[in-house]
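As written, the chain order gives the labels A, B, C, D, E and F, with residue 1 at the start of each chain.
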Amino acid sequence: MEMLVALAIGILTASGTFLTLRGRTFPVVLGLTLLAYAVNLFIFSSGRLVIDGAAVLQQGLPVPDPLPQALVLTAIVIGFAMTAFAVILSMRARADLGNDHVDGSIRSQQNDGDQR
Amino acid sequence: MMDTMPFVLELLLSVLILFGAALVLIGSIGLVKLPDFYTRLHAPTKATTLGMGSLLIASLIFTSYVEGALTVQQLLITLFLFITAPIAAHMLAKTALHLNISAHHRTANIELQDSARNRQVPNTDPK
Amino acid sequence: MLMTALYIAFALISLALLLTVISLARGPSIPDRVLGLDTLYINSIALIILYGIAEASTIHFEAALLIAMLGFVSTAALCKYMLRGDIIE
Amino acid sequence: MFARWFPMPMQSTVLFVAWLLLNNSISPGHLLLAAILATAIPRYCLPVQSKQPKGHKPLLILRYFGILLWDIVVANLTVAKLILGKNQNLSPSFIAVPLDMRAELPITILASTISLTPGTLSADVSEDRAWLYIHALDVDDEALLVAEIKQRYESPLKEIFQC
Amino acid sequence: MSHLPILPILIPMLAGILLLLPPLRTTLTRQRIASLVSAGINLLVAVVLLNQSATGEVAVYAVGDWHPPYGIVLIADRLSALMLLLTAILLFAALLYASAGEDETGRFFYPLMMFQALGINGAFLTGDLFNLFVFFEILLIASYSLLIHGGGKHKTRAAVHYVFLNLVGSAIFLFALGVVYGSIGSLNMADMALRVRELSGAELELAKVGGLLLLVVFGLKAAMLPLQFWLPRTYATAPGPVVALFAILTKVGIYCMMRVHGMIFGDYAGDIADLIQPWLWATAILTIAIGAIGALSSPSLKRLAGHLVIVSVGTLLSALAINTPAAISAALYYAAHSTLAGAALFLVSELISEQRGGALDMIVRSRPVAQPVALGITFFITALALIGMPPFSGFIGKLMVMQSATTMMQMSSTWPTLLIATLFALVAFSRAGSTLFWRATGKNSDNIKVSSTKYAAIWLLLLAAPLMSLFAGPIVEFTAATAAQLDQFAQTPEILLNGGNR
Amino acid sequence: MLYWIPLLTLLGTLLPLATRNWSRTACAWSTAILPAVALILVVIQSPAVFQGNTLVEHYPWVTQLGLEIAFRLDGYALLFIFLILGIGLLIILYARYYLSEQDDMGRFYAYLILFMTAMLGIVMSENLLQLWAFWELTSISSFLLISFWSHKTDARKGARMALTVTGMGGLALLAGILLLGDTLGTFNLTEILARGDEIRASGRYPIILILILIGAFTKSAQFPFHFWLPHAMAAPTPVSAYLHSATMVKAGIFLVGRLYPSLSGTDLWFFLVTSTGTATLLVGAYIALFKHDLKGLLAFSTISHLGLIMLLFGLNSDLAAVAAVFHIINHATFKASLFMAAGIIDHETGSRDMRKLNGLWRYMPHTASLAIVAALAMAGVPLLNGFLSKEMFFNETVHQSSLGALSWMLPVLATVGATFSVAYSARFIHDVFFNGEPINLPRTPHEPPRYMKIPVEILVGVCILVGMAPAWVVGDLLNNASSALLQGDLPEYSLSLWHGFNIPLMMSITALILGLVIYNIRERLFAFQAKFADRDAKLEFERLVQLTVEAANNLYARLETNRLQNYVLTLFIFTLAVTAWPLMQIAETTGDREQLPPDWIAFGGILTLSLAAIMTLVWHRKRVIALISVSVVGLIVALIFARFSAPDLALTQLAVEVVTIILLMLALFFLPQSTPKESSPGVVFRDLGISIMVGGVMATLAFAMMTRPLETISDFFTANAKTGGGGTNIVNVILVDFRGFDTLGEITVLGIAGLGIYKLIRRMRLSLPTADSSGRAWSSDTHPMMLAMVSQALLPLALLVSAYIFLRGHNLPGGGFIAGLITAIALIQQYIANGVFFMKGKLRLDYQYLIGWGLLIAVATGLASWMFDRPFLTSWFDYLNWPVVGKFEVASAMVFDLGVYLTVVGATLLILSNLGKLSTTERPTEGENI
């Protein structure tokens, strides 16, 4: 089972990384989202895996490490806030710069008017 | 507690579970198998409602038995599904019509597609 | 017997899950994919219900409830997107 | 007075029951909470509800849902069979159903009903709400289907909503 | 009990919140007064904290009354007090400057500045690694929002780079936290410092990975090579007062290396001791080099300022690489100096660009500035301080860093870099200054009305240059004591687990 | 009280600024006061010094760095102080008449006195670090003086050149001083002078020596660093007269003399100092002859004389050192007066070109006679001071033997140098004051104002007096200075005019004759010199700087591509780099913790997840599809959380995911529907490689962790959740209690994000696409009827559910955050189904206030605990038992969670609803800001 989860983490991270390396805002945002999922699973896994564990205190059931779960929750929320900002920023960039390239200009007209 | 469960109950549960799961699977099969979007649309909306229904009932009975008291939260889920599933299907159909996704050629009165898309009265004269 | 039934059921649902994803991947049209997503929501509810029985705990019903609600919202939003582009207008 | 506190009695009832279902308990505490929520939520939601005809004849409503449930069961089995059968045997079709009702709520209920029942699916409603376009998975006689829809579902709805 | 340690977090937070609600949010005047007052109180608290810590007292504040290592603790020691004071000064000066008009160019300026300060202060106070992450995110999201304050192509373009890069950084931070927790099993820094000594085998290596991932994160924050390229453009486009506050951000990264790596992966960490030092040597030198080169090639004064920030970061890194108490002490003094002087320069450039019409702060011939004398003197002092010319603080700071290099190897690697960087800065500044102030054509526009508030703000920061030099003796005593205290924590983290000491 | 001397002059910088608006004379006087007082102070101190004492004062500054305020007054310093203050005062007087009406006299004097302070600081420093500080101060203040006429390009450039060259030297000097201090463990001069042998013995001696000499040579314009000095002539003449006769350029000489006891006496010293000195002497003297500009000639002659002095120091002979000191005095006097004379000429004729200036004797005989005397002194004509020191110089060159068999070379070269100095002196005299009539000068020349000549007269007087009666005039001064310099007994020497007919005398005579000869054949020499392209040092230097800057630009441009993709790539590569090594150290990836058996669901789930992730990756250019795939990933992740006993995570993940999807859809409407294919196959391959490595690393880490047992602090939470936190849902208790502080921060982030996004949206101007990507017009059905119906019907239910989730959160999965998201989503659904118009004003909510209140409530809950003298956020709970209602729990955590709930609702809706407004007429209006 651990192997499977690790695999999932790996694939998510890889896809996320690849997308964050793209040149347009939208794929990058998607990449960040995937990275966020990967990160959440990763932290979660740092508490080790427990099946049939008690989510809330119950007698006689193995309790999974709750701390990583709490951390992941915080991470999810923060990740959400950040993604939201990134998304809107992408729109703003499109509005202000007329294109959705992460550098605000297509390769050919790089650095135009960016002498400040 | 499962080993103490009366045979009949267990049987009933097993049947419900298998029946439900089977229906859910059939829904997905339909998704893959059926010829065009409009037919595919039927598969999940239907097969799943009953499938989910029986699964939920199974779980309702089971948990009621385990908790030793009637637990009926499942009904709420069922309610949600039954309210939303048809509308979701409707929206999808509407979208498909709007996007002009062609129906299977053997579909009858295929021309109604256009009147449906434009939300006009039907014009049944064949094109 | 119940356990056996459950395991079979799990297998069936997992299969359904895969089939759905396949159809989702296959498309061909975007509504097809959305339909796939919608079905996936339904399947996962089924999964959770079964899981609840297997675990003999009701802890996951909220998850099922939420999926039922949110699945509808996202499907509706996606359709609205394809119909009007702007989902909040 | 009652109308002011419970502008939407129907909803209030549903909420009251739903709360008890959710917590599946009828302890006094929950009854109290349920009452509070059933009063508060509708009052808050009222502004975002468009005016709709009220439903009458509770018995008829129950009967309607009874029929509906039964049809769903049947529908699922037929559809399941169709899905597993050969695609060639399917004879799908678009059908326009003339409507006698114009109010939004009844039409919505009718459409949902149709979508939930035998091989039919509500696709859209004409702008003047006079026609309901449905897609059927496998029909041999359209007229029959339309007639059945109108008498089996529409007429009871017309009665319930008195329109 | 004393709630002093948490005040630097609560004051800006409450201020920020109340500024969002009536009655404060309704008029600009109210916002200005309210935020300046709260910044003042914040400054006061910082001073009190510094006094308290100067006695050697370490206040450990257990939030929620859950004691370490289980709950989140705030640590008010010499180091955090020093950093808090710096932040408080910056905040006050920045707000003062902004109150002269910068605050009208967009919404939520004051609340956001408050939240920015909240994030920074939190980062300086917390003794819990994950809580540190949370405060990082607070200061980041606030900085994102402040960066685009006032709007405009340039800001948006820079923001996209800054935001996306830092989002990836945050992801790496979380990976790091995952590994660290997964191998050490705690989040309280002191507790981790104790646990890490017990590690061996694979767990040890995992902890190392975690520590090094943290270096990447802090390095990105600190603009350490090769993660520094984003800084100059970003800082050049952001509004003046905002950047003035940003001047502390790179130091947050440095601070974290001191606190986290110094304590958990420091001299006493057994097999994992001095984890990052090998990496720091190269990066420090190269960071200084790239900063100096950038400074020489800067087209505008703000870019120049940005590159000087990078040089200062490199200098601090070299001190961290030497990693003796003397070096840490030097780093602290230098950090204080470079933060204040750097912030001053950003504000000065803002003033200059206001007075040169279309040329802004670009280093090109243009109309003369409206106030050659006042502005000239201000610029001149700032430049001297930043280059490291006597008699100002930069001179002392540079001396300290250079003297902290003791072995021939340390000298031969740090001295030439530092001195050449100084020369480059000298050349860059003399070119910039003589062009900005002397290579003028046409009439200066007399219609420019410069409020004295802005000068007040700048001089509030700039006074540090002579004062820090004049009172270098006692200040160095403090920084030395701070370095000693850090060393003590690294050696016996128990102190922080048993609720501090006197 | 020594510190008063520099302190007075430092204060003196303020007076002229204060009196700049008074009459020019008044300004000049007020400037002169404090330096004069300082001079008196020195005179009062001098007797003690003349008895051979050394006065030293220490004041602590940064003792930890060996940096202290320490002043020293001995004969050597005294000599320089007299030069600095004495000539300084004369310059003040002179400048009063030199500067014109439009010059800002106050500023000029301020700079001048600042420079004076710096010089005094150098010569009086007892602490080497302090000396260095003043050293740099001279560079800075001279920069200001040279660039005084900042509107002139060559003034700016000359100033920058001087600053750069001397600044560079200064840094070398600092390194040298620090190394020296590190070797001896002190920066105090007294000790350093006493421990010369230690220094010379140390292995670091060569480095120290070279670094310090670089400092000195650059400052004293020694070859090859001499080029900056002539261009410093762009300064007003008083500045040149001051900086380049007595002060600035003498600083280097001073340092060499000051450290003579500690550093001299080695072959390396001899080699470096002598050769540099000789080269400078010759180069300067030679070029001086060819300068048509008066000040140019003087500048190069200065260089040459500085070389001479340096050469003397290099000879490792005490007598030579004495000669050097003597020449310092003499050169200061005659060169200052010459500069002033040149200034007068420039001032009164408007030209400095010797080709135009002719026969001025007739127009300004008085000035002419003064200048001629000074020039003769420069040429080393007997009965003038220049002659004496030159004789001593010749004598020394003759009597050294360090070059063995080649020792004869030095006297010869010395004579050559002297010859040229005679030649250019002759030119100065003849070309300017005789040699026919002036050629079209701007003004007709005449004598300057009376007082402008006084400084010159005084200095020339000194030249003559010293020349006539050296022992009587400067004997004591020279003795004291020299003995202080040598830190020991003086060698035998006599300051008499006549030492008999010896080799030095012959050398002088030869030089005189040959010099005149050379002057006579100068035309031919000019012609010869003209063959060589006259290389302008300023241009060379400018080009050098330009090249450096361009090199910097290119290098930087290559490194700094200003492309985010490169930044991110660097970040990932750096990440891989640091993690690689420790990972390689892990022998066995799989740990000994018992692993869970894989099962059907897990398998199906992970497979689905992977498929979806890959779909996102493959179809990232078809954006809608990518979006759908991402939401699949989100769903599965939620299921995984549910599977591994983390319902809270599952719920949160689900809710967040849906909101994110809606957000992305809103954005996608305005963004291009597809991504163009930009990356070349190579790039894609590279990126894939990096990505796979990163993924691999993280997977490995995860696996290595998961398969190893771990002792964590979590048992505490499990143990105390119910008893201490009052909840059975440990995760939620951690969130709102154990680590409630994190949650507070987290909702703050959310709130801030809301505000920031609002900022982003307000000024956003986007054009609405009228058709979808395939060009199909949008459907006419804005708000499908049935969807609207059902959404309305669902709203109450959704709110009910969120209330349910909220209330149970503390004991069962749920809580404020999830409840908040559900509420938000339910409301957003209304926006989607019914539209902004329909919703407008129907929900009585100001989302911005909601954020504020939410945060406020959360903080207030935390503050409440202060009333019970507990730390911030200390939780409190109790079980009430009311009639009818029954037993139920009330906990402060729930109030806190309410804050969370409100913030979440506020932030989410602030974002989404405003975003919706983008496309409607509800666009936020410009202007109103707060």
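The definition used in the following text is that a contact is a pair of C-beta atoms (placed from the backbone, for glycine too) under 8 Å apart; a residue touches a chain by one contact, two chains touch by 3 or more.
This one's a predicted model, so the numbers in the text were calculated from it and none came from an experiment.
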Touch-network distance, chain E to chain F, counted in steps: 1
Greatest separation from chain E - chain, by CA centre: D
Of all other chains, the one whose Cα centre sits farthest from chain F: D
Interface with more contacting C-beta pairs, comparing D-F to C-F: C-F
Chain nearest the global centroid, as defined over all protein CA atoms shown: E
Distance between the centres, which are taken as Cα means, of chain E and chain D, whole angstrom: 63
Geometric centre distance via CA averages, chain C-chain B, whole Å: 11
For chain B paired with chain F, centre-to-centre distance based on mean C-alpha positions, whole Å: 71
Centre-of-Cα separation between chain B and chain A, whole angstrom: 33
Multi-chain contact residues (two or more partners), chain B: 27, 29, 41, 43, 51, 71, 73, 76, 80, 83-85, 87, 90-91, 94, 98-99, 119
Multi-partner residues of chain E (each touching 2 or more other chains): 130, 134, 137, 141, 144-145, 148, 151, 160-161, 164, 168, 175, 178-179, 181-182, 187, 233
Junction residues of chain F - those touching two or more other chains: 562, 564, 568, 572, 599, 603, 643, 647, 666, 668, 698, 701-702, 705, 710, 712-713, 717, 738-739, 742, 746, 749, 752-753, 756, 760, 763, 779, 781, 784, 786-787, 790, 794, 797, 801, 812-813, 915
Partner chain F, residues of chain A touching it in the complex: 1-15, 17-27, 29-30, 33-34, 37-38, 40-42, 44-57, 63-67, 69-74, 76-85, 87-92, 94-95, 100, 102-103, 107, 110-111, 114
Touching residues on chain F, where the partner in the complex is chain B: 776, 779-781, 784, 786-787, 790, 793-794, 797
Residues of chain D that touch chain F when the two form their complex: 11, 14-15, 18-19, 22-23, 27-29, 32-33, 37, 41-42, 44-45, 47-50, 52, 104-105, 107-108, 111-112, 122, 125, 129
Chain E-facing residues of chain F, complex: 60-65, 67, 129, 132-134, 136-137, 140, 143, 147, 150-151, 156, 159-160, 163-164, 167-168, 171-172, 174-175, 178-179, 182, 545, 548-549, 552-553, 555-557, 559-562, 564, 566-568, 570-572, 574-575, 578-579, 582-583, 585-589, 591, 698, 701-702, 704-705, 708, 710-713, 716-717, 724, 737-742, 745-746, 748-749, 752-753, 755-756, 758-760, 762-763, 848-849, 851-853, 855-856, 859, 863, 865-866, 869-875, 929-930
Residues of chain B that touch chain C when the two form their complex: 1-2, 5, 10-11, 13-15, 17-18, 20-22, 24-25, 27-29, 31-32, 37, 40-41, 43-44, 48, 51-52, 55-56, 58-59, 62-63, 66-67, 71, 73-74, 76-77, 80-81, 84-85, 87-88, 91-92, 94-96, 98-99, 101
